[in-house]
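Paired with chain B in one complex and with chain C in the other, chain A is shared by the two complexes that follow.
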Partner chain A sequence: MPTPLLHVRDLSVSFATYQGRAMVLDRASLSVNRGEIMGLVGETGCGKSVLSRAVLRIIPSPPGRIDGGEIVFEGRDLLTLPKKAMRALRGDRISMIFQEPMSSLNPVYTVGNQMREVIRAHREVSRAEAQAVCLEMLEAVRLPEPGTVLAAYPHELSGGMRQRVMIAMELSCRPALLLADEPTTALDVTVQGQILAILAELSAREGLSILLVTHDMGVVAQICSRVAVMYAGQVVEVADVESLFARPAHPYTRGLIASIPGRAGEGDLYAIPGSVPSPIDPPPGCRFHSRCTQSGPDCRRAVPEMVLVAPDHAVACHQCPGGGRP
Partner chain B sequence: MSEPLLLVANLCKAFPLGGGFFGGGKRLLKAVDGVDLSLSRGETLGLVGESGSGKSTVGNCILRLLDPDSGSIAFDGVELAELTGQALIKARARMQVVFQDPQSSLDPRMTVGGIVSLPLRVQGRARGRELRERAAAALSEVGLGPECLDRYPHEFSGGQRQRIGLARALVADPAFVVMDEPTSALDVSVQAQILNLMAGLQQRRGHAYLFISHDLTVVRHVSRRIAVMYLGAIIETAPTDALFTHPAHPYTRALLASVPLPDPRKRRNLARLTGDVPSPVDLPPGCRFHPRCPEAMAVCACEAPPKVSLAAGHDVVCHLHSSG
Partner chain C sequence: MRILAYTFRRLLAAIPVLLGVSVLAFLISHAIPGDPARLIVGPKASKEAVEAIRKEHGLDRPLPVQYLHFLGGLLTGDLGRSIRNHRPVTEDLADYFPATLELTLASLVLCLSVGIPLGILAAVRRNRFADHAARVVSVVGVSTPVFWLGLMLLLLFYRHLSWLPGSGRLDVTSAPPAGVTGLYVVDAVLAGNWPLLREAVSHLILPAFCLSYVYLAIITRIVRSSMIAVLGQDYITTARANGLSAGRVVFKHAFKNSLIPTVTIVGLSLGELLGGAILTETIFAWPGMGKYVVDSVNALDFPAIMGFTLVASTAYVAINLGVDVLYAFLNPRIRY
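Presenting the complex of A and B:
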């Protein structure tokens, strides 16, 4: 089996709040293989963005704190890396794009200025060489008239164009891993389609690995090869995308898929009862047990471990055959 | 066929953009440009479009939260467009609205009881004890207990706040409710709860919904008919099944093809359209969709397309269907 490009193991992160410490990530594990698009799905507050930010160590601290675990990338544990080495890695080997491209771009500098800065921070190149790389990257994300875009300020571009500029900028040093945190959530559906197509193409052509954080199961189904499902700070299921949609094993994943409207069905949608528990005082055992229709006494007592139920399909649930404890 | 509950004809609304510092020429942003709509009693009409298409402005004009520039809005036989003052309050007593953001649409300084009973107080239809009782009754219809009456909006989750918004809309027993992206701020599992609740309330109460959303899958689930907007105009209206099986306008087709289906066995090319929605300040001449249209012809760039009826209740505004 090939070693994964990124391996997050038992990562725990908490934040200090006035109500107490919020356990936002609780021993979360996942891996991203070379050249694949790995989906990370979950609802608001499940910790999916915190996980992707922890990989780059950009969680504000305080109030945030990484309590344990390891993040192995290209054979090195990022959590023990010196600050300077970590800084060299960001934007070079690992890049990140965010939901709102306007707030990620500096409004007082031109696009070209900001793109060249990234390149020259990591590479010993002249201004002209950096300019050439910029133009090439803007063409790769299918921006018309890249020369005009380079001279433009962010406010002169539309939302879709800004997100393309962000992708071009983040990929200009040819990273091995792109962390994409809800990259299309702020965009209209026709523009979202264009951006997803670009990400899928770059991954296939350049062998780029992408960790795609999203709440949209449709986006996952369309471009991801594997998926991790998170609930209340824990990874509850990891599978290849076909298995996840055809044979979802965790009751939460099943509820999530069943509550998507528009599969031509009339009548009521399936709705998961109740709401997500608070991370400050999470329920003991399986964090989903209070909303689960199948929970038993084990579910309240012990946190279920991730267990393989099929090749490349792991689930953390006491009620799944062979699930719960190894 | 019975007379429609709501009949909107040739609705227009433009927003002037501030001129330059030295008083340069004022420009107009045409948010809504000649919209016709009709809605029967107890029906749900979906209004879909991308951001900036003017769908929320249509809803706000119907409710007279915005004053339309021209056009008529007949609600239950009464013309709303020109009414003012007490006459307007009286005429729209049976219209309500639920907004997208349950955070900003509930006053943080009012108790839930005060928020939910406000429509009755404004209309002078109840006082004192009765206000509280009717608020409690409306809350119980949306699945919240009477203990919520004296609590404040910040104590509730997003889904619960949207239930409070629904209770406020229901308390005055409306015949018509504008739903302006009511589930866009919610997670999918909570969205399902709210959509089921809305459908149940409609079955019991028999009110009509204008359901405004950018999300085609949600609109498909709730609506019997759908109107598609692009840059301020309705470009296609059809019964839901017809729209999804035989979309006639190239924009509708592209919109349907861009929806990421939650099924990995049905992967498809999501990049059906190039470019972004143009600015509604400088509308393209002719058909407003022609610069992005994969099937544009010469005539599309100069002449506005006519409205063509393809089947009962299925209208499209497109040159492709005009010469058939």
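Presenting the complex of A and C:
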């Protein structure tokens, strides 16, 4: 097993709310290997976006707080890194693209202004050199007329074009890791396909690792090589994409896969019964037990540990064969 | 280029606006019950004496004729003679307007140089000490009556501490600098007269602070709230995620976006300030338009009232135009 590029271990993040501290991430662990596209799936509010933002340490604080764990990237724990060193990593070694291409670019500056700024924040280059890198990147994301795009303001571009601009901007310093937080959710389906194709191509060509946060199992199936499934602030299953779809081990993962439209058969839409527990006062034991059809007495008492059920397939469930207790 | 064409169109459109203002001002001022001629000659004067004054100022003619006469004069730059002091109104305005303009600009400088940084600080350090301090400053500002604030300033800095002069634009013994702009501070600099500059500035400080405090408070609050709104935007997260420094995130990415609502408020405030800071000018015996217009209204001095109204409304129109042009520079989504 090669050392992973990114290793998140037992990461806990909480937010102050008027009702109390919300444990949004509770000892979540996952790793991303070099050059792979790792999917991070789960329903809205499960903490997947918070996890990706925690890697860059851009969780607004207050109210957010990283309570514990470690985030090892290229051999360094990012949580103990001085602010300045952390800032130097952002946009350079680790980049991030967001869900809303409409609002992720500053409306009052041109695309070129914003792209050059990122490059020149990390590289000692002239304006002209930065400009050349911008043009090259815009071509890499297959934007026609890159010169025109650079001179344009964000509102003059379509959503798909803006997301390509974001990708070009975020990859302009050749990062090792791209955090993509629902990058296609706000786009229509045809554009979504193009963006995913670009991400897959760049990953393959540049050896770029991508942590792709999504709630769309279809997207996962399309471009990810491995997947981590999150539920209520915890990572409950990690597997390569084939095993996950063929032999989902965790009841929640099975529910997720069953909920993909068109899979339940006869036009029925399957939905997991119940709703996500509150992060403020989470239930003891397995967080999924109240919605789980197979839960037993252990599930209410003890938090299940992640256990390998097959090579490169780990699950945290008391009911899985070999799962549950370490 | 498009912005120039736009400015030109707006200037053309200002003509009907100003005409409308002049008609309204004319009708309203003439609708006030009372006879300026009677006010001049006093209650015991003969009917003939009153009539003579009325005739002299054309007040015996029908209103539309009087208005057209006023308009005719306006085209040649003549605003008529003051009924009260018989001086041409243009001369009066040339005396009083620069004083008000100087006071207004000084207040504006104070408002912006204190209000904007304070608002930014409050937004960036939200719910911390600086924010609470800025909140106290602005709540005190919006809730302190100007007349009381002015008197307290005089009491403290003039009477007790004797740090600053309490009235007028210069010491009574000083002659104003050779007039180029009518703004003593600017004229003193142009003349290279440093002692006089010092004197003019020291006279400006108290009235300018008194006049600006309310607006400073409002601007601080507006900058704070628009800054907080902007700092929550996705592109700010993008900027931070790209490893830009906190300074660049705040001053480049957030500030320009937060200026748009601020410019609106500043424009409105500036118009109000120019419209005559009557209380402030009275408290500090500042020879500006505020005091002039109050005296004119009391004397039913129609030409003076009309002259003031035109100057004030022209200033309003110009400021609004300036604000609209600034919008286009600040926000590329606005195209004219």
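Keep this in mind: the second predicted complex is superposed on the first by the 321 of 326 C-alpha atoms of A that agree within 3 Å, B and C clash if a C-alpha of one lies under 4 Å from a C-alpha of the other, contacts with A are read in each partner's own complex, and residues count from 1 in each chain.
Everything that follows uses one rule, which is that a contact is a pair of C-beta atoms (placed from the backbone, for glycine too) under 8 Å apart; a residue touches a chain by one contact, two chains touch by 3 or more.
Note that the coordinates shown come from a computational prediction; the quantities given were computed from them, not determined experimentally.
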Combined model on chain A: chain C and chain B, fit or clash: fit
Greater residue coverage of chain A in the superposed arrangement, chain B or chain C: B
First, second, both or neither for A:90, with chain B first and chain C second: second
Contacts of A:153 with chain B and chain C, given as first, second, both or neither: second
Contacts of A:192 with chain B and chain C, given as first, second, both or neither: first
Partner chain(s) touched by A:29 [first = chain B, second = chain C, both, neither]: neither
Partner chain in contact with A:319 - chain B first, chain C second, else both or neither: neither
A:215 touches, of chain B and chain C: first, second, both or neither? first
Shortest CA-CA distance in Å separating chain B from chain C in the superposed model: 7
Interface residues of chain A shared between complexes with chain B and chain C: none
Interface residues, chain A side, partner chain B - complex: 43-44, 158-161, 188-194, 196-198, 215-223, 241-242, 244-245, 255-257, 259-264, 268-272, 275
Complex interface listing, chain B residues touching chain A: 50-51, 157-160, 187-193, 195-196, 199, 214, 216-218, 220-222, 244, 254-255, 257-274, 276-277
Residue ranges of chain A touching chain C (in the complex, touch as defined): 56, 58, 87-92, 95-96, 98, 100, 103-110, 117-118, 121-122, 153, 155, 166, 169-170
Touching residues on chain C, where the partner in the complex is chain A: 233-235, 237-245, 248, 252-253, 256-257, 330-333
